[in-house]
Amino acid sequence: MSDTAILSISGLSKAFGGLLAVNQISFDVHQGEIVGLLGPNGSGKTTLLNMVSGALPPTQGRVRLRGRELTGLPPHQIARAGVSRSFQLVRVLPSLTALENVMVGAVFGPDAVWGAEAEAIARALLERVGLSGRERQRPEAMTYIDQKRIELARALAADPQVLLLDEWLAGLNPTELQTGIALIESLHAEGRSILMVEHVMDAIRSLCDRCVVMNAGAKLAEGTPEQVLSNHDVIAAYLGDENA
Amino acid sequence: MLTTILVASVLLGGAYALMAMGLTLQYGVARIMNLASGETLMGAAFGSFCLFTALQIGPLLSLVLIVPLAFAINWAIYRWLLSPLVRRAKNQGMLEVDSILATFGLLFVIEGAMLAGFGGNYYSYSFLAQPVTLLGHSFGLNRVVAFGVAALVALGLYFGLNRTRYGTAIRAVAVDPVAAGLVAIDVPRAAAFAFALGSALTACGGSLLSMFLTFNASMGVVFTMKALIIVIMGGVGDPRGAVIAAFLLALVETLVAALVDPGLTLAATYLLFVLTLLFRPQGLMGRRA
Amino acid sequence: MIFPMQRREVIAVAASMAALALLAGLPLADDGFWLALAITIASYVAMATAWALFSGPTNYVSLATAAFFGSGAYVVSALAETAPWPVVLVAAAVVGALLALATGLATLRLSGMYFVIFSFGLAELIRQLVTYYQTQFTGSVGRYIFVTISAAEIYWQLLGLCAIGLFAGWAINRSRLGFALRVIGDDETVAAHSGIDTARAKVLLFSISGALIALVGAVMAPRFTYIEPQIAYNPMVSFQVVIMALLGGAKRLWGPLVGVIPFVLLYEWIAGRFPNHTHLLLGLVFLLVVYFVPQGVSGWLEKAWRKLQGKSA
Amino acid sequence: MRKHLIGTLAVSAALMAAGLVQAQEIKSIKIGTAAAKTGPGAGGAGVTHWPNVKLWVAQVNKGGGILLKSAGNKRVPVELIEYDDRSSNDDAVKAIERLATQDKADFIIAPWGTGANLATAPVFAKYGYPQIAVTSVTDKGPELAKRWPNSFWLLGGGQHMAGSLVELLKKMNAEGKIGKKVAMVHVADGYGLDMVAGARPALKAAGFDVVYDKSYPLGTQDLSPIVNEIKGLNPDAFIAFSYPPDTFGFTEQSKIAGFNPKVFYVGVGGAFPVYRNKFSAATIEGVMGTGGWDVASPKIQDYIKAHKEANGGNEPDAWASSVQYAALEMLQQAIERVGALDRAAVTKELGSGEFDTVIGKLKLKGNVRENPWAVGQWQGGSFYGLSPTNLPGAHTPILKPAWK
């Protein structure tokens, strides 16, 4: 669409046997933009994210990062190209300390830093997500939100061009949610490009520049949060037809 | 020629299948990779040997004694020896390490006990070693009978698991022990039952094999490995996979022996196993992880 | 994870060097039973350490040890009478590494018990093929190895391999590769999505491990004088290596070391005192260890050490 | 107490060498042995090694012990120190080292199996112990004896054993009893390959028509495909160079398939008493097997009786057992002739002397036993030696009747 597109998804489809989980989805993420990916459960959001990050090979369509072809590459190559992600169910590394968890992103990311430099990056990021002083703790002993923080810091440590967040705000209590939203907002402020799957409407309204709504694998609507959330089809998809 | 090969491989597969089914139940439901399985097999073979030579009780009759005994002993083994390991394991990996170590110890204990009782000598007896004609070819009656019993037991197991309430409970534990616990299934009891049942099947296989095999106290590990190959090839936790894999391996063994070169039979079975996993990493009937 | 060498590490390295020098002097004190026992221990320490290099961090339990060991021994039987010893060793290492490379590439999609049994099946397949090859083309399964290498020389070479194994483990732990493996061991999905080429890391490490084990096989071969597939590809070797490494604790570099030593000594003691009930008693001891030393010998030692420090502090 | 004893022995050994020893100082002669009690070798060692060692120690001690001139012409009892080598060559080496250096055994009985004997040979040589290897079928005997002059090889090699079998077949063919068609199968392991390597050229030279010649791997459980195929070829002679489980398997399958060649030969295990006990004497009438002995000789009869008494009623096998026992008799006689626990002198005597044993007069040539029994046959429930035909007590072969 636009030449400032940093991540460009075109005609992306995924079939599991006879089931079409993602059907011909196309949209772009521009530099410094937060794009929300919405849709009811089972509409194919996570599958789409998995195809972007390389966890699943697409059946059809393309993914490009600044014009570079990512389609079909294995996840480690996509990560090194500058795409980082968090997981729907938080995935921290239990036998590593908090600091080491975050360092993973820096060490194996696009810049491949090592040693003191990687450690410095990780320390700075732990501080940024609010975990300074807990570098030596193991994530097992931490609360859910702190584990999520570690996961986010790990993704950021790679200094990604695009950050993929899969329901990163889900499961947080109201206070935690405010902290979380503020954290993502600060990423927005420093100009990060983010594609986030999210259900929390407050977050979507306050964070997203644009939203893409999916239903049953297909794209239902695209636009600003206000536009899509008032869209009849979207309401129908979320709440059932009779409420539309 | 082809009919001989087919019948011979079916007969051979029957004996393999029982033991493999036992092992797959133990691993699938009780989550214990039982390395002492071959020793259970040999123990039952020795039991049948003793009953036959000392008391003239035939191996078929001795099943009535040996199989329940194996069930009881292994129930106790699971309850007292293995369930503490299951309880203390934080994850499947830890349990795997612990169960490998513990059943390896058990292997040594049972083998040591058999060595103390029987020494290292070969044992063998003749039972129903007479020809019977099937499809125009003669086969050992003992092998045919062993297959028949194995088939009956396998069918019984299949119906037990699929058509009874308790069988369904056991299958539920195999799929997801946590969820099974939530719907009021006594998971530890089901696991103990599955472990004991698995050993009972293995013991049954041992009694049947003793009718036509020459064995000694140190041979158990050979059978354990054979059964493990079958279980993994079939896909963990599904007795049907074990049966199919057992017959496939037996078929390849007989085919290669008759048509290619008997020197390559074992190589061929291992090759089949390796190739299967290369193309189906979860085994023939296994669920994708 | 601290990058420059710490004082503690310097002390550990210095102490290891001193211990190694001390151990190297053993043949001067005794060249009979104790040397023979030391050879057994050294060979298993080298193999278990090499095994744990790969299996410790990744949690992949390999039963292919016998395949590497046996192939190393067979390289010796094929080359020992024509090539100089260092060349033979290099050839054995290369064969072990290539075999591990092929195995590694074949097993990338397997995990858990599937990998365990696959590695066993592959080792048995290799044994069967070697047997068949020899039966058909050389007319004899057995090969005589008449190389005059003294027991002391075998022992020194094994010590060298132990040192190489431990050093490699230490160096890998400090490297990106070692870090990558710890991540893989924890969560392979996260590893891949963080930019780690998991396949490459695993195969690379498996090759290093395979080469080391093949070297142990090569060094041990002259001691057998006569090798056949039954002896060289003995599956019990694979089992014992796993058992000893797990007993010690495969997560720590020195874990296999503290697993092998008590295991071999205990085995030897029981075998000497109760030759007719070795397996029975060993099995019982084994069960006791599993129940009462749940984190392996190294975990137990670490706990005891911490307790001791706590008391003195 | 034990330490004290070892110390005393060490001192006494030193004194003995100087010929100054006092009669009461040797309380026992330590005989060490290491063989498989567990692992794949346990089955074989359980038949030929352990029962005979046990029998020999009991017999010697019943007679008061070994007569030693150096101990004031008194009989000194034997003390047995035994280890399990777990069927592993590395452990066998360690056990022999242990016997030599820790237990300070006076003599060490050679281990069981070809591999273990070869692996431990350098150790026997290093400490100067005589090694009377029985259970190792090797054609390299003379070469090995040259490499390790303290080693003795008693069971013969494939060339002799298989050659002798072919001689027998040739004779039966010349007499018109059998035709020229031979089917041969062997286990892909040391024994099978050694035998087949000897049999192939001999069969060819004798003009036999080999219609089947294949191997099967160790641990094969179903032999019916092989038997069925061979039956279809209808050979005059069936030769299986097999191990015990396969020997039993071939016999049972042949019986079931109704495969009735005129000559039915099986390998290791064919001469085991458990073979007859399983199938009954009537069934195995006429079956030939590796091994043999002069079963009618009074010495063998006494030996069988004693073996049964010492081993809970178990009979010895008709191949290696009596040779193992004879090897121990040789050792005893050599020690008594030397009159002292002087290993070098005993080794020399073993190589040059003639010994009177259960298997008859035994004199080694170049440290190797010449012309051992190669083929025997079950006739009326007893296993008789057939070939080499010039040995005393050799029976005439009968054609195998149909299975009963």
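So that you can tell them apart, the chains are marked A, B, C and D in the order they are listed, and the count of residues begins at 1 in each.
FYI, a contact is a pair of C-beta atoms (placed from the backbone, for glycine too) under 8 Å apart; a residue touches a chain by one contact, two chains touch by 3 or more.
Remember, predicted model here, so these are calculated numbers, not experimental data.
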Number of steps on the shortest touching-chain route linking chain B and chain C: 1
Centre-most chain, if every chain is reduced to its averaged C-alpha atoms: C
A-C or C-D, whichever has more C-beta pairs in contact: C-D
Identity of the chain that, by mean CA position, is farthest from chain C: A
Whole-Å gap separating chain A and chain C, where each centre is the average of the chain's CA atoms: 43
Whole-Å gap separating chain A and chain B, where each centre is the average of the chain's CA atoms: 48
Centre-to-centre distance between chain D and chain A (centres being mean Cα positions), rounded to whole Å: 75
Distance between chain centroids, defined by C-alpha means - chain C, chain D (Å): 37
Chain C: positions in contact with at least two other chains: 128, 131-132, 135-136, 276, 278-279
Sites on chain B at which at least two other chains make contact: 111, 115, 263-264, 266-267
Chain-level touch network, classified as line, ring, star, complete or other: other
Chains grouped in pairs wherever the two touch, ordered by label: A-C, B-C, B-D, C-D
Parts of chain B lying in touch with chain C, wherever the complex brings them together: 27, 33, 81, 84-85, 88, 92-93, 96-98, 100-102, 104-113, 115-116, 221, 225, 228-229, 231-232, 236, 263-264, 266-267, 270-271, 273-274, 277-278, 281-283, 289
Contacting residues of chain C [partner chain D, same complex]: 30, 32-37, 39-40, 43, 128, 131-132, 134-136, 139-142, 144, 146, 220, 223-228, 230-231, 234, 236, 268, 271-272, 275-276, 278-279
Chain C residues within the chain A interface of the complex: 1, 3, 176, 179-180, 182-183, 185-187, 189-198
In the complex, chain D residues that touch chain B: 36-40, 42-43, 45-47, 50, 87, 185, 188, 214-217, 219-222, 224-226, 228-229, 244-245, 248-249, 252-253, 255-258, 269, 272, 274, 278-280, 314
Residue numbers on chain C that touch chain B, as the complex places them: 59, 61, 106, 109-114, 117-118, 120-122, 124-125, 128-129, 131-132, 135-136, 235, 239, 242-243, 246-247, 276-287, 289-291, 294
